[in-house]
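Going in written order, the chains are labelled A, B, C and D, and every chain counts its residues from 1.
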Amino acid sequence: MGKNPAWSWYIVWYFFVGGMAAGAYFLAALADLFGRERTPAVARIGYTVALPLILVSPVLLTLDLGMPLRTFYMFRLLKVSSPMSVGSWALLGFSLFSLISLVLVLAERRVAPDRALGVRQLRRALAVPGTLLGFFIASYTGVLLGATNRPVWGGNAWIGPLFIVSATSVGAAAIALWPVRPRFTGFRRLDLITTAFEALVLLVFLQSLGAAAAVFLTGSLAPLFWGAVVGAGLALPFLIQLFVRGGRAPELATAVLLLVGGFALRYLVLLSGQA
Amino acid sequence: MAKAILVDTSKCIACRGCQVACKQWHGRRAEPTRFQGSYENPLALSAQTWRRVGFIETAGGDGRLRWRFISDACKHCTDASCLAVCPTGALFRRTWGAVDLNQDICNGCRYCVAACPFGIVAFNEESGRVNKCVLCPDRVEAGLEPACVTTCPTDALTFGDRDQLLSQAKRRVAELQAKGEKGAQLYGERELSGLHQLFVLQERPQVYGLPEQPRFAVASVFPSSVTSVLASVVMGVTALVAFRGRGGKGEE
Amino acid sequence: MPGLGTSFGRGAMTNHWIDVKNADAVLIMGSNAAENHPIAFKWVLAAMERGAVLLSVDPRFSRTSALADLYAPLRSGTDIAFLGGMINHVLRNNLFQREYVGEYTNASFLLDPAFGFKDGYFTGWDPEKKTYDRATWKFQVEADGTPKQDGSLRDPHTVFQHLRRHFARYTPEMVERVCGTPKAEFLRVAEAFARTGAPGKAGTIMYAMGWTQHSKATQLIRTAAILQMLLGNIGVAGGGVNALRGLSNVQGSTDMALLFHILPGYLGMPTRKDHPTLAAYLEKETPKTGYWVNKPKFFVSLLRAWYGEAATKDNEFAYQYLPKNSANYSYMDLFEAMYAGKLKGFIVTGQNPAVSGPNSTLERKALEKLEWLVVRELFETETAAFWKGPGVDPAKVQTEVFLLPSSTHLEREGSYTNSGRWLQWKWKAADPPGDARSDGWFANQLALRLKALYAGSRAPTDRAFLALTWDYGKEEPDLEKVLAEVNGYTVADRKPVKSFAFLADDGSTACGNWIYSGVFPAEGQNRAKSRKADPPESLGINAGWAFSWPVNRRILYNRASADPRGKPWNQEKALIWWDAEAELPDGKKGKWVGVDVPDFRPDLAPDAKGGGNPFIMRPDGKGGIFAPLAEGPLPEHYEPVESPVKNLLSNVQANPMAVIYKADLDKLGDPKEFPIVATTYRLTEHQHTGSITRNLPWLVEMMPNLFCEMSRELAEEKGIRNGAPVIVRSARGEVRAIAAVTGRFKPFKLGDRVVHEVGIPWHWGFMGLAKGDSANMLTPHVGDANTRIQESKAFLVDVRKA
Amino acid sequence: MSLTRRDFLKGAGTGAGLAAAVDLAPAEVAAQELKTKGAKEVPSICYYCAVGCGIVASVADGKVVAIQGDPAHPINRGALCSKAQAYIQVLDHPQRLTKALYRAPGAGEWQEKPLDWAMAEIAQRIRSTRDATFKEAEDGVTVNRTEAIAALGSAIIANEECYLLTKLMRGLGVVWLEHQARI
């Protein structure tokens, strides 16, 4: 058993913010690529949300390391065996893609209409690797936790998937919270499927933990788990989306609940391995 | 030639010369401690304590009281989790087997801390970097033994070519078993593809706080990646369904 | 160490550290070598690798026991019963080495027919005076004064038959009921060790303060000596009764006579009563036979060394300059006298009695009665700071205290004599900081300053001091010059003598300590600096490494390693043997040769008169199975002065000759109030009073607090949890400690009674980095009958939750 | 970067590919120089128990930088226990005494004093106590002693120092002379 790495709030926030950025980005990119003609707003808002969030991430990570220059040691080498090493490079790449994507969103509006299509096509082309990177950013932290020898995390293969699904819902929530925005009816379906799927992955995750799952289910963390992750993050959004139709208020409520659940999930997962 | 330390717990008298020799040679400080009912102190390895002696009171199979001692430190695994996960290259392998640590490059990410299956690597609050036993490369490369080995009065610690130590350890295990020490066994020959700190134990590894099957932390990277890719695909399809499906017109 | 001295002739470890590897059985009892002499264990394990069996007998399961093949517990203070049981086992089963016992010991001597032993007393006990008349403790003698013998050992008056009868009472059942050692475990140990009784086999006994700190300690060590003689284990490689001494130079400081009753080289300190003149001294102190017949040479040479030209034939070689004793001035008497206000000044160098002294409450109180106190130390010790100790109001303490900073052993040179009698020179590594100085500097400066103060005095009281020779330099003394004086020299030319064989009693030679003679055999040749080691696979004699007193002999009484005909009992571990063909310098043939220096006259043939008497320092040259001491000529078990049980072996409860001090703070505990046996001990991680080690962070980290070890059963009875604070209380005081509840202490089942024992290390005190109560606040001022060493290994306490 | 990801999977998948790293900077650094290199090695004997282990003090610029077992010593062959290993902490210990201290009667504190002053005072105390209590004879026998001064110690100083103390104390007529050997 490894010692407690004492990864605390900065890392919780990074996991949350990074996941949100990644989710917002790949939703935006998928909308950009496959959405119907009238989905550019999703892409626009998603790209817009993703960039600042992903730029906050290295700040959080640097704060955790304590000394700014040390962050650069991450880029001394690329080590494929180390999720953190690959993740650091991926974060760098993802930030770059986020930036370009957003620039191209802005450019599309500024350039002459005959060149706008070209810009859009370039953006869509970049969206393909960007999406893959987004998925990577959303999940590598889970893979990283699995590649330790801490309780709960060590050897577990389901934290990555859990984080990806959760990234989708918090990413969607971030987009949904954008103030000046049209209503995305597709998000209802998105929320319903992701929360249902997240519940499934969560179940598989807990199952894989065996007795160690008690830390979530019955330990001192249980209220937070049941209340915030299951209740606020999964059950309520699902029920709201299932039974309440239309209206900005339920949409906002759903988004906030998803963010609360997504944050709590990361907090609990990080805490459980360091309890 | 791979080098290793052989810890023969059956010869250890728990004088803790090794524990202090390490502190002296590496300039490690004392930690505040309190007697808590056992001679053992400090209670765990840390950034200031790279080697320590465990005191274990146990009743053997015959019900007779035994007091087992184990001088414990970094195992310098072949499949070294700390080394595998270190993102900066601060942890590195010496050609003769030691997993060494370059303080100038460590950035204090603590991934190795969480990854070590033995709880060896420790974060040093003061330097903001990690520390662990580095197997005295300064001494070894100057032809000396590690400080802990040199000071051991009873040859409970020996240093040498790993192959030779393995056969030495096996002979010793056979000897102990012949003497009636049924629990005598070798630890570290195959664990994590081979440790560079081998142990002759007189009881099951668990008794000494050693994991029966230490896990190479990054062994989970592949399965985790597969499940993550699958989840990514599911989420991609979900988005497509959401964005392209009926009523998915995007803007109202 | 009179236990060894009376049995063998010299009070020192018979063998040496490396030699332990030559043993076939190692009995560690009254010692915890793994913890207190960790490096010695290198050689214990080396013996085990060569097939030796390690036996550990101890009240608690220690780090030594952890490595042992066999462990047997015994209640503190019952070692004589245990060893007596072993002697009985050896005699009953005829496991002794017959020829060795018959030829090399006084087993065959016939005792005075009036001598006997009855219900705890030897003949001659005077219940009024509470002392022995030793008139019957003697041998029957032939016309020429030599003892009568019966080589068949069958005569009922032989020492052997007395021994057999005496120890017949020490049956395994008795051992179990007295010691609490289960019979089966006792027998396993006895059988394993008795195997070394076969000729050619060797067994060693390693002991330390676990044996010496009892009210019958000297007899305890005698019991071991007798056992070893029966098994033929003295004088052989891998044998011996080996006192593991606890301080770097405690052998040397004893040899140098920092003790009230001796002068350097174990020459008795003159007493007013017995030695009014030099002639009387030499007459009384010099035996008629044995090597000690040379004592006048050593004594006169000492006087010559100390008083130089002032020591002449006409003035008894300045004999009257020496002080004479009129009382027992031993350690506890010293503190009793101090407590009674009889002492005014006290000079303490490198010792911390406020922690190490028994009944330390009394000893600390005693310091308050001094006018002045000088302490030389590395750190501020409890002794130096007694006036601000717990419960002391400094304003009420009128003692002036001078605390002088000392240099460390690395900051000075000089020789240490280790437990194996090796004098090893150490070189100076660095300068001491600030005003820190060595003890040599202190003695030198003090002497020079006092000489200056007394200069010109014509008072007869000052004559002796003014005559004392003192010429070692101004500041740090020239220690090699000192060593040369210790070695001895011919007065005429100041040339070093080659050995004590060249000393004379006519004033022509001077010698500061005859047993060290030979360490400086020629100008500029300091053998303490010799550094040529034997290869590791050798017997380990290492004659080329350092200098071993006497005359570089490594294994004492090594004549006994060969049979009466001069052939080694064990060829593989031969030390010396008689070579009839070897040529002597004078052309004659036949001498003792071998790997060690013979502890014997080199040309005395085995068949010559005395040629089979290996114990040359004893008057008759035989090992003393029968050897009178204060409480008898044979060992007998008595209970400790504080004991929870009645003595089962006789109606005499405790050693009738034990010394029990009686000041108001000298209280003894009632077993009803204090039913638990307690013992004190040391740990690997600290040294003695901890005056140094409790200041060193790395050691404090490992052993931070005072603790009290106890069995799970006792803890349960008292509601004590492991790691929780407890109060340990004796009639003298109480200490606060942390409970170490462990399976390593077990209650003793004595018949139908259960007796508990607890253990408490004595390293702590109120100063330093790691502070704690001193275990010696619990121990009594009760002394061994012969040495007056305190009984701190077996006393009574009670324990409760704090 | 998808290529990286494939590599990553492959690398982890082969299980052994742990050293597989794209190095941007060489990782293995030369081992540090021995801290005892060039230091003067002074042989000594351990201060603690009477086993008499050989130790070697490595001295650089007049300062002891390491204390190790003497590998040539036949008893310990380079080994040392924890106490001996920790001895180096004595040498420049912040609490170590470096000045003579004097505590006046009834005082609650030490005063720092010059060493010379302290020695002069001690010599005076010895002289006055000795002179006041010296007994030349008892029952007609010369006894030449003072029973008012006692000296204690020590078993941790060199033979030569012990000898000087014995000689000095006996020379002064001190009969209360004891040390650790009797406790």
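Heads up, the rule we're going with is that a residue touches a chain if its C-beta (ideal position, glycine included) is under 8 Å from a C-beta of that chain, and two chains touch if they have at least 3 such contacts.
All values reported here derive from a predicted model rather than from experimental measurement.
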Where chain B and chain C overlap in contact partners, by chain label: D
Comparison of B-D and A-B by number of C-beta pairs in contact, larger one: A-B
Inter-centroid spacing, chain D versus chain A (mean Cα positions, whole Å): 61
Chain A and chain B, separation of their C-alpha mean positions in angstrom: 34
Whole-Å separation of chain centres (CA-atom averages), chain C against chain D: 24
Sequence positions of chain C contacting 2 or more other chains: 38-39, 42, 684-685, 697-699, 702
Junction residues of chain A - those touching two or more other chains: 76-77, 79, 81, 85
Chain B: positions in contact with at least two other chains: 15-17, 19-20, 23-24, 84, 89-90, 105, 153, 218-219, 221, 225
Contact set on chain D toward chain C in their complex: 42-54, 57, 59, 62-64, 67, 72-77, 79-83, 85-87, 89-93, 95-108, 110, 114-115, 118-127, 129, 131-134, 136, 138-139, 141-145, 147-168, 170-183
Chain B contact footprint on chain A (complex, rising order): 1-7, 26-27, 30-31, 34-36, 38-42, 64-67, 70-71, 73-74, 76-77, 79, 81-85, 88, 131, 135, 138-140, 142-144, 146-150, 153-162, 164-165, 168, 182-187, 189-190, 193-194, 197, 201, 273
Of all residues in chain B, those that touch chain A in their complex: 44, 81, 84-90, 105-111, 113-123, 128, 211, 214-215, 217-221, 223-232, 234-236, 238-245, 247-252
Chain D-touching residues of chain B, taken from the complex the two chains share: 15-17, 19-21, 23-25, 79-80, 83-84, 89-90, 92-95, 100, 102, 104-105, 137-142, 144, 147, 150-153, 218-219, 221-222, 225
Sites on chain C touched by chain B in the complex: 34-35, 38-39, 41-42, 45, 61, 63-67, 683-685, 697-707, 722-723, 738-744
